[in-house]
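As structure tokens, here come the structures.
First subunit A sits with subunit B, and in the next complex the same chain sits with subunit C.
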Partner chain A sequence: MTAESREMTVQAPAAWIRLVTDLAVPVLAVFTALAIGAVVIWAAKANVVVAYRGLLEGAFGSVRNLTETLVITTPYTLAGLAVALGFRCGLFNIGVEGQFYMGALCSVFVAYAAKGLPVYVHLPLALLTGALGGAMWGAIPGFLKAKLGAHEVINTIMLNYIAVKTVDYLVKNPMLDAAATMPRTPYIQPSAMLPKLLPPYRLHAGLLIAIVAIFVVYWLLWKTTLGFEIRTVGANPDAAKYAGMSVTRNFVLAMVLSGALAGLAGTGEVLGLNHNLPAMFISGYGFDSIAIALMAKSHPFGILPAAFLWAALRNGAGLMQLRAGISIDLVNIVQALVIVFIAADEIIRWLYRIKRRKEEIREIVFTRGWGR
Partner chain B sequence: MTETTKARFSRLRALAVVFIVIGLLMIVIARLRIDAAQVSILGFEKFGRQPVPSQLTVTVCGALCALTGLAALALSNARAAGASLAFSLLLVLLGLLTALAQGASIDLVGMLASSLRMSTPIALGAMAGIMCERSGVVNIGIEGMMLAAAAFGFGANLFFGNIWIGVLVAILVGGLMAALHAVLSIRFKTDQIISGTAINILAVGASGFLRRAYLVKAYFVGQTLPLIKIPLLSEIPVLGSVFFRSQPIVYTMLFLLPLLHVVLFYTPWGLRTRAVGEHPRAADTVGVNVFKTRYINVIIGGCIAGLAGAWFSLETVGSFEDVMTGGKGFIALAAMIFGNWNPIGAFLGALLFGFADALQIKLQILNVPLPYQFLGMAPYIVTMIVVAGLIGRATPPAAEGVPYEK
Partner chain C sequence: MTLALEMHGICKAFPGVQANDHIDFQLEKGEIHALLGENGAGKTTLVNILYGLYRPDEGRILLNGQEIKINEPRDAITHGIGMVHQHFMLIPVFTVAENIMLGTEITRNGLLDRTNAARRIRDFSHEFGLDVDPDAYISDLSVGIQQRVEIVKALYREADILILDEPTAVLTPQEANELFSIMRSLSAQGKSIIFITHKLKEVFAVADRITVLRDGHVIGTTTPREATRSKLATMMVGREVLLTVEKGPPKLGDVVLRIKDLKVKDDRLYMAVDGVNLEVRAGEILGVAGVQGNGQTELVEAITGLRRSVDGRIEILGRETTNASPRQVIESGVAHVPENRQKHGLVLSYPLVDNLVLCSYYRPPFAHGMVMDNEAIDDYGRRLIAEFDIRTPSEYALAGTLSGGNRQKLIVAREFSRASKLVIAAQPTRGLDVGSIEFIHQRLVEQRDAGCGILLVSVELDEILSLSDRIAVLYKGKNIETLPAAEATPEHLGLLMAGIREEKAS
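Right after this comes the complex of A and B.
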């Protein structure tokens, strides 16, 4: 047996252990968060078992509930991918919410205003405009960071507020459907609608786009030079610069791609689900997607299960509220706790005595002060 | 000339050119868009209302603004140039107010007073940020600390029937949230941006839960902290109604401001704090307890953020609404950067944002032909411009965001 092959046999079982320990932390984080959630439910004088059974049934109890969970999984996956892609370049894109809005805004305009186009032109066009809208909104903080050193966290948050107000203005004024009782845009043309996957249910082809996007992002990050540069800048911008890569160009590029994914998430909601854009288009996907990306450790393949879990929490919350009289905000608390436990995985490791592997290092660092 | 002072100077120069252009634009706009017969009434509270010709006033303001801009270009001293530019900014604001008040009246003293009021949570938040960041901990969770404090402070007000206990609880909750941030980022060495985000999300969840589970069931109270007129001082013209006819949290902010300045720059504690934020290893070597210093600073900062939260629910509105802090915690961070991590500078930044806020409210009342959504964007756009325009000038504490390993 050569030294090389011995190494192989030693490493093969290690890969399994690696997977188990990699999964252990997020699973235990969710478990611990739910346990603390149970304490909150108990403190609010409600029945824990009834509440969590409601949560479970609401998420998976019937074909209808399961497809609804998948409907929510769709934007979560795309938005989670957007945050993860930013993370890989060392950027913290909190602006997914705003990019989501801008994507929805741009796509709905093309989808209702362009008339008489065939499906194979109109639908891709609407999707593309949505992605472009998000990309444009993401490019602004990327550019400000790259050229002026302004921290993307503040700028993306500010752009969230600005996007919400812009959508509010446009939907209530130039894009308003005068016939509607609630302020919203006109309905989109059938030629721009994403087809339904299981007709009586609301599940639409956006899910397929999200799944394709997972593979595209994986391919981009790990199989192309572009992705290699993005990851190098994220891991160590000084080293990247030393190796001749343009840090500023990669910052802008990563924010544009991240924004495009977020815009696509908003686009899917408009073209597949709402078929119009209401002024009250509150999504909350932006902040949830941060949690999803963290849970997935910013790996594209981890995004789908994390997004599914989050969608299940969100979808099940309604029935939980109905059954146990517990406010759906409980889900927010559980979610925040999961982030805390995953971000500070030392807590979980300490609680359950999981040892850190020696070669494990921090892959991504965000906190570099304000714009240095 | 070193690289940084050069960069600083060219930034000032660029700003001066911007002001010269704005000044010239004001003159042109006054000529073209303002009717020569139009009169703006500028109110000075009880000293009466002074009608001024709109066109002439805007023209004069514009000309003076261009002149001060030119002066800033000519001055070789960076500090003097900066002061000159501050003057240009004031002239632009005065011209803007005059132009907007044509055919109507605008109370300048009232505007100042409401700017101060609106800037209070921002200034407090910025002070909280300074406490944390001077000791080397980045805190983007101020928004969440404020929000949780606003909700729980109001809850305590309902529960105990005493608004002062409400304020106290708000301060404590702010401190508690900060303690969580401190433990995560100091003990567990979590990435501080992620930890701050977790605090923000937790605050949205916890405050929303509290509101729907308990607060909505209680009847609407609407009680706010009392307006306190300080005898004699409140009779001083202008200053009296801007500073000495306010509510308790505004006073506290005005008191904390010089206090924090003195503590940071003239006491051993402040020196230790700054040392820990700049070079923790060196501070440790000479016997400063890095962890303890950071814990205490972050938690006190959180208490200040909690007070800012009380401003929303207990001093201004008298109830709690979901996400009522509306991004003020993030704007506070921009004010902190604007002030270069100095309390007084941060306060001036906060005043600028407070003014933007007061102005957009005033404009909505004046029925200016601009959609309210665009007016509402003003504070956010100002924040972006400030962060983008001034960050190159700002020098954050060197050890910021880096967990200390003993």
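Right after this comes the complex of A and C.
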């Protein structure tokens, strides 16, 4: 007996109840993951209170720590939005990591090579080039899927490797700063740098871009015909085709937009933080962003808190290790548990006796499997 | 007659709806008792209570005069109550025998004893005249046989009372007839059967008694001998229902759809439509009859742009649209009620209002440039929901929460509210209850009288006969005959649908 076959009408609950129940599962998932994490700490014969106080202080304990958490939140937010936008079109963009690199590569080139431009030209130009670099890298699997039916998961994974190796080659050869001891590109022009928000802390204007991006993505998905098409293709490609939408065009479009957001994430790191592109530019942001989109249930407004949580865990882990002698890998365990509890939310619903709303339909389409 | 089962004063409320309101129901030993009612009348809720899937808020259940408590399906099974659900509960990669013994496995030395199990199930099913091959895999069986396996499974668990929840919804007419003879032979062997349906024809075909439910109440209990079709329909819907469609003679206009030598391949690359020629004029309904799978689906998909044709020509309103995109077809003035509602017709995870603009979201007043006007969309949605009487708690409810009849009304509301000159309606009333069928039929005739050309594709012969002005019969992808509806009889059409033309016979 499935829920769908029980035919009945149900009154829609008030908006605030809906919000509370929507938030209950992720919040309880984090809580439960931390509780299990505590058991792991205890089993490792360390002090749970010391460890978690370290984690908290490391993430929020001082202005420096808090701004550092926000520094990490910035790329997480943009990359999470990239994955979420793909999900909304029924696409599993695992290539955010590669698109992130390509965005960083394109923006750093414009940012150091173009000289003598005023800030209001140079900075937007560098940002735009970075977004375009990611968009281009996202367009490739989009086209391959639309024209040849090649699955985006495989192609985005492959393109990740190509992006890493391309960046590695370019940075070590034509773009190498000969004066540097480590292989990296030259420093970018001051006119292309994202301004710091709270000097001397490293927090930069990329955070504002990320926040604006959240609203832009929300507006795009829910207030424009473009977004209506993307969401329809994601929710039911057959109905989209029936309604006269081009499914293939939307696949490409969604991948381009997703890639642009990922590229912007990489761009922010270069223009706001590093001010150059080292050859060993391993971020891991691309893969974590899948978890962030998953936790946010692919909703733009969920991305920021999810990204903030991930950033806090990542940033606080160092002090936790120092204080309690617990490996920072514990944070990975907690993160993994959060994902398990969000993905298999029945566990949380069962633990805390949260009923699923009767009219609730599993809305998110993570991936449509192989083929087509 | 002795009573096998009594249900007294059963009440069950769900948020916002009283699904069962003091329902009394009596089942005699060895009878086939039809529970008749529209979708949402409370039939399924009642039997789900009996089978332990829901707990009643109030009421008592008596089995053979003894009060019993049924808290979960296991209790129902121990009391000899078996249920065959609308959606089968079989494991496709298991064999028939494995599915049937699931939960009561036959073992030897702790291992499954497949040979013994297969033999026992073969003997057992033979005893009831329900021959099934115990070694066949479920996924290889037709839907009709799978249903038979479900029945054997229930009997194997020693069910004396069998609940069949809309068993014919998934069956072809031939399979339904087979099911009816199985039901009769089971009742002759003393099994009592509760048969849920909303199809009038079926209660007259098989039931001994009929209980009609409406809005959670028992409206009455009668027998097929006392009842008439129109009386039952009135009981179900609560008002007079037009079982036949009233329509005047067609006022023919220009040709709105012309199909010449059309050839279309299906997914397996067989020629599903193999040289069809058709013409639909404004103001007429052309019915396309035929047994399911004779090219109807592919024909409709080719006309609406969802599938490419390999040869031939399609003209809509005098303009060639062969292999045009769905958007071009829609914009040339075609309304399409698709055969597969969930797959093509609706986005189930979207609210009603969004589904109502699924084909016109990009045009004013719903969008200006690329910015959508949600207020205009909501207003339009509210208007259509009222106009087409779509039963929903809110215009923002998700389409997936609607009943089948209301889902179809939603599609019809969307398609018939666009200015169109050609309506393609594929199986427009499949699975719907009497009230909804009447509604859809009236709307189709309205469209015709408003000057639309209508291509009605249906496997229901009654529907074709009562609505069409002309009838084309598809057989193996060919339009073997087109005849005026006045000259058609069910017998004649039946022969044509089997590929037999009278010229050949004479």
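Definition applied: the second predicted complex is superposed on the first by the 357 of 372 C-alpha atoms of A that agree within 3 Å, B and C clash if a C-alpha of one lies under 4 Å from a C-alpha of the other, contacts with A are read in each partner's own complex, and residues count from 1 in each chain.
In this text, contacts are C-beta pairs under 8 Å (C-beta built on N, C-alpha and C of every residue); 3 or more make two chains touch, one makes a residue touch a chain.
All values reported here derive from a predicted model rather than from experimental measurement.
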Mind working out whether A:340 is in touch with subunit B, subunit C, both or neither, as first, second, both or neither? first
Between subunit B and subunit C, point out the one touching more subunit A residues. B
Thinking of the overlay built on chain A, is A:244 touched by subunit B (first), by subunit C (second), by both, or by neither? second
Scan A:235 for contacts with subunit B and subunit C and give back first, second, both or neither. second
A:223 contacts which: subunit B (first), subunit C (second), both, neither? second
Contacting residues of subunit B [partner subunit A, same complex]: 138, 140, 180, 184, 188-195, 197-198, 200-202, 204-206, 208-209, 211-213, 326-327, 330, 333-334, 337, 371, 373-374, 376-377, 380-381, 383-384, 387-389, 391-392, 394, 396-397, 400-402
In their shared complex, subunit C is touched by residues of subunit A numbered 1-2, 4-12, 223-226, 228, 232, 235-236, 238-246, 358-359, 361, 363
Can you list the subunit A residues touching subunit B in their complex? 40, 44, 92, 94, 144, 148-151, 153-155, 157-159, 161-162, 165-166, 168-169, 173, 287, 290-291, 294, 326-327, 329-337, 339-340, 343-344, 346-347, 362, 365-372
Which positions of subunit C touch subunit A when the two form their complex? 14-17, 19, 39-40, 44-45, 48, 53, 85-87, 304, 306, 325-331, 336, 338, 340, 343-350, 354, 358-359, 361-362, 367, 370-372, 374, 391-394, 396-398, 400-401, 403
